[in-house]
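The structures come next, written out as structure tokens.
Across the two complexes that follow, chain A remains constant while its partner is chain B and subsequently chain C.
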Partner chain A sequence: MVENARSINIAAGILLAIGILYIVGPLYLTLSTASQSYEYMLRNGLAWVPGTEFFANIEKVIHDTRIPIQMLNSMIVAFSNALATCVLSFLSAYAIVYFRIRWAGVVFALILATIMLPLDIRVITTYQVAANIFSPLNAVLDFTGLNTLIASVFGSPVQLELSVLDTHFGLVAPLVAHGTGTFLFRQFFMTLPKDLFKAARMDGAGPIRFLIDILLPLARTSFASLFVLTFLSGWTQYLWPLVGASTPDMQTAVVGLARLVPDADGQVPDFPMIMAGAVLVSLVPLTMIALLQRFLVQGLVLSEK
Partner chain B sequence: MTAIDLSIRAAAAEIELIGVTKSYDAKNTIIPPIDVTLRPGEFTVVLGPSGCGKSTLLQMIAGLERVSGGRIVIGGREVQDLEPKHRGCAMVFQNYALYPHMTVAENMAYSLKVAGVSKAARAERVAKVAKMLGLADFLERKPSQLSGGQRQRVAIGRAIIREPGVLLFDEPLSNLDAQLRHDMRVELAELHRRIGATSIFVTHDQVEAMTLADRILILNKGRIEQFDTPKVIYHNPASVFVAKFIGSPPMNILDVTGDGSVLRLADGQVVASYAGKGNFQLGIRPEDIAVNDGGSIKTEIRYREDLGSHEILETKIADQNLRIAMPFGVEIDTGQALSLSFPQARLHLFERETGRAISGAFGDAKSQSAAAKEYQ
Partner chain C sequence: MSSESSLFSHRWLPALLLAPLMLLIVLFFYVPVFQAFYWSFFLEQPFGGGSEFVGLQNFQRVLSDPEFWGATGRTVIFMLTASSLAVVVPLMLAVAADRKIGMSYPARNILVWPKGIAGASIGVVFAFIFNPFVGLMAPLNVLFPGLWNPGIDGTDAFVTLVAAHVWSGIPFNFVILLAGLRSIPPTMYQAAAMDGAGPWRRIFDVQLPLIMPQLFLTFVLEFTESITSVFALIDTITGGGPGGSTTLLVYKIYVDGFRGFDLSGASTQTAILMVFVLLLAACQFFFLGRRINYER
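And then the complex of A and B:
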């Protein structure tokens, strides 16, 4: 406590109350709208009072929309994103910290740079690559003149093509390339005693054994917290799933929710149903946080217990 | 105490370093080629200031650092290209380096587990080592629940459980407080007697070196300054570096000039008789200086320190610092004039350019070295 004056306490209390209202207000509106019928909304506009139609709306979401299958997509994308990110970050941090690699510092800086270049600003090039994952190779062949050579020998240049758009892999892969996890693990590894690796070597454990027997158990909480964080960010991704998946059955739940608003002008969207869908879609990350919040805090506090 | 348990006992191996050298690049040589042989079962302390390459030397023997050249032979086997686990060495680290998530028992048994020893056999060995080190009651604890001394014991237990032929210690006592350090020193000496492994102990602490070592290897910038028994090193230092490094307070070193019959200080005072001509450095230990004994060297006390058992007088002669150790209780006050004499038999003479000792400069000084030869 910096200051213990009554007036400041009151002022702080009011400020907090306003902040809470600001956050909880829309949430309340979501819930109350979700519990009213479409007709009620058409008649009264914003639903400030809760109604009784919540489960009916949920049922409508489940039966009449593709939200269930889209939630499954979200689940697959978020889970594989989290798992792949954790494994990749863990291994790359291991390589950077524990092995004498030339240019390790440069590599780490490049990995960090990905934090400053989020997917949202790379979305067009990412789309181009996802549309044909061989396009970089084709470009290299064209640029180096190898293709002219190949064309003169075989009659036509090499143009490989494989699209990963509209696949789960295509949705996940671009999300995985992100440096935060590597940074997190690197910082954690740096807090461990330096001689641990040497001690394990003296005990006869090779690099893989050290990774599994020593490093992995020690990094358990960091692993869990990174998993939760990337899962949440994967679940709430909007732009890339919107661009990367074009068929409704491949889209994620968050994109699906937005698509519930009809494209045609003049039609009033079924907001109660959409809000019910929003509640349904939020349940998964909410449960995740409720169950694993312990790790969220622990893993981010980098210290040896 | 019951009878000494000899069940944990190693087949001590001889260690031979032949032209072993380490450099990180062409300009940066950490250790110029070194040749040294450590006898089986010998306790060698590698002593030197920080950055002298002693840890690097140890890690090269362990296999944690690659050698840039030369051969390492352990127990008749060339090992410089082998993985650490194939060299028959075990190591105790400065910061213990225990596995934080494992219990004491798991920590000690890990190397056996990696080697594929059965669970029952592991438990048996752990029990034996734990009993030997007084850790039997702590086997299920995590390292974080142990005191510094206990952690150190676990680290030692982890090293000796495989009964290695070579035990390596990398400044293992430097994280402990003074009392514990003393106790651990005694325990280590005891342990060495029981296990009998060839031991190499790296430290910058001369007390550890003097008390633990069969022989001390003094390193300076990667070079061996002297490799001998503590006694010889103390009484017959091979160089100014060794003379200054061993002893507390260290040996006084004075610049003197020989005119063919006597050695004179810069101000002309005669300190000893010597037949050589040229520039020398004269060494005398603080405790060897005779005070007010009818000596001819005049000085006065600038500062005195009472240490209980003895006291240290700080003086200057010919603008060079001189420390004198006196038995406690001698009545001498600051500012008082002193007459000193340097007993000829206690003097050490070094070449001023190279810092190497001139052996036999003062006759019978070599009797100590003869005693040392006998030991070898």
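And then the complex of A and C:
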């Protein structure tokens, strides 16, 4: 097609340039301010040109704050979130698609419904459950009257207590209770030809063999996409790690970064140091995006189809 | 082989495969959701001090509280402004990036970066950039005192929140909309061009109608997203201030529950917010979704 599209191409170019500026601008100002001294910032405000204090500021973050150990926590939380989501979603999608179960539709609907109400909305009561993960069991025993029975036989009712607050498990588990992964794998399984299954059956493959030898290798890209997506989501969580961990040594890096800004007004905070912290905290996920962008984009598209 | 064998039959294996995820989902999704509704009918004492059935009293208390209505109103305003911008801005960028011009390659890469930056991190950065004394606006504030101060002026604080939210929301919406645009078959453009529609005209007559499913999807998700993910931005940029002008519902629930230890009040508001989110999704699905032609 030959036509004159000059005006629209120029407009599109300008628009994209503004968009890039909007995204990169704050990142550049973060980096340049992180490379200036506190005194420079007090005199000149935010830095338009990079200075020489970058490594000094980074060192301040590493020595004076808990960011290093909190980054380790973030790493554990993000990695376990990604791994657990991938494995559990894969298994549940496999059960829903490849087995004759009467309640498959119901189960899938129950899993999918989790997408509607994000963790941030139900944080109050999720916190209460995490404070004692046996509380639902206790409530059921109380409600059904089993506890009165137990109390009359053994002398006291069953009241189990186990808090997962301030543990890595507690930080991760509510994030895994999410339906996106199952949805993604189900969509992927549906695109596979039915003959694949029939051929495998004819060769005598049972459920486990089919899962490991056929589906697993085929699903590699889906795994990679979901892994990148959930890793980033785990790393960037804020509200749940904020309430789920109360000691600085259990908090994640993003929460730790937000805590670097003093609450009280008065003295201007040490913004260069805080910006160096922001650079440090964003380094892992940004590197991941740079290296695995293909999978990220694919995951975003797949997860919402 | 008969069609019977197109699925595995096994008594306990599928249940075993589903069990781990279902256990987590029941424990950390359905129990909390149920508990929020349950507690909204009880007066719950903090630190396990027992509870007492109070019927609708919690709802009466919450619904007669002007602060609740203030937070709800601000949530709706934020939802409408921030989420519209968070869809329209990526939409314009996606339409631009869909053209084969030099700029579209770096744009497709760079516009995804915010996905890796936590809401709270960009909140900390925006709080600094829009700081009235050392930030971007500081020189202007010297010339025109009082022009910009999110610490005092509620509108300034609100605008900062919206700007940060749009920044964070670009990657997802951009990727989805661009994928929609790229799936439009080239023959559509050729046919429109034959009919005399120029490239500007084709945006409105071909591209927008054909990516309605993606637009609809981004709006649905963006509405919920703008209500919930704004927490990290509020907590790092404004702290709900000045004077409560940026206290949205999700932030008020957190403050009431975790700082005020008002578990019943927080649960009641959680229940109301959940109903609101579900109704919103249902409305969009039934009223908006019906008008969209998914056929290609």
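Here is the rule we go by: the second predicted complex is superposed on the first by the 281 of 305 C-alpha atoms of A that agree within 3 Å, B and C clash if a C-alpha of one lies under 4 Å from a C-alpha of the other, contacts with A are read in each partner's own complex, and residues count from 1 in each chain.
One rule holds in what follows: contacts are C-beta pairs under 8 Å (C-beta built on N, C-alpha and C of every residue); 3 or more make two chains touch, one makes a residue touch a chain.
All values derive from a computational prediction rather than experimental measurement.
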Partner chain(s) touched by A:V268 [first = chain B, second = chain C, both, neither]: second
Chain B versus chain C as contact partner of A:R201, first or second or both or neither: both
Touched partner set for A:N147, first chain B, second chain C, both or neither: neither
Touch count on chain A, higher of chain B and chain C: C
Contacts of A:R209 with chain B and chain C, given as first, second, both or neither: first
Touching partner for A:A258 - first (chain B), second (chain C), both, neither: second
Touching partner for A:P193 - first (chain B), second (chain C), both, neither: first
Chain B versus chain C as contact partner of A:P217, first or second or both or neither: first
Contacts of A:M41 with chain B and chain C, given as first, second, both or neither: second
Chain A residues contacted in one complex by chain B, in the other by chain C: 194, 198, 201-202, 304
Contact set on chain A toward chain C in their complex: 1, 3, 5, 7-9, 11-13, 15-17, 19-20, 22-24, 26-27, 29-30, 33, 41-42, 45-46, 88-89, 91-92, 94-96, 98-101, 107, 110-111, 113-114, 116-118, 120-130, 133, 136, 173-174, 176-179, 182, 194, 197-198, 201-202, 207, 210, 232, 235-239, 242-243, 254-255, 257-258, 260-261, 263, 265, 268, 271, 274-275, 278, 281-282, 285-286, 288-289, 293, 296-297, 300-301, 304
Complex interface listing, chain C residues touching chain A: 1, 5-10, 13-15, 17-18, 20-22, 24-25, 27-33, 35-36, 39, 89, 92-93, 95-97, 99, 101-104, 106-107, 109-129, 131, 133-136, 138-139, 151, 167, 170-172, 175-176, 179, 189-190, 193, 198-200, 217, 221, 224-225, 227-229, 231-232, 235-236, 239, 250, 253-254, 257-258, 263, 266-267, 270, 273-274, 277-278, 281
Chain A-facing residues of chain B, complex: 59, 62-64, 83-85, 89-91, 93-101, 110-111, 114-115, 144, 158-159
Contact footprint of chain B on chain A as seen in their complex: 193-196, 198-205, 209, 213-214, 217-218, 304-305
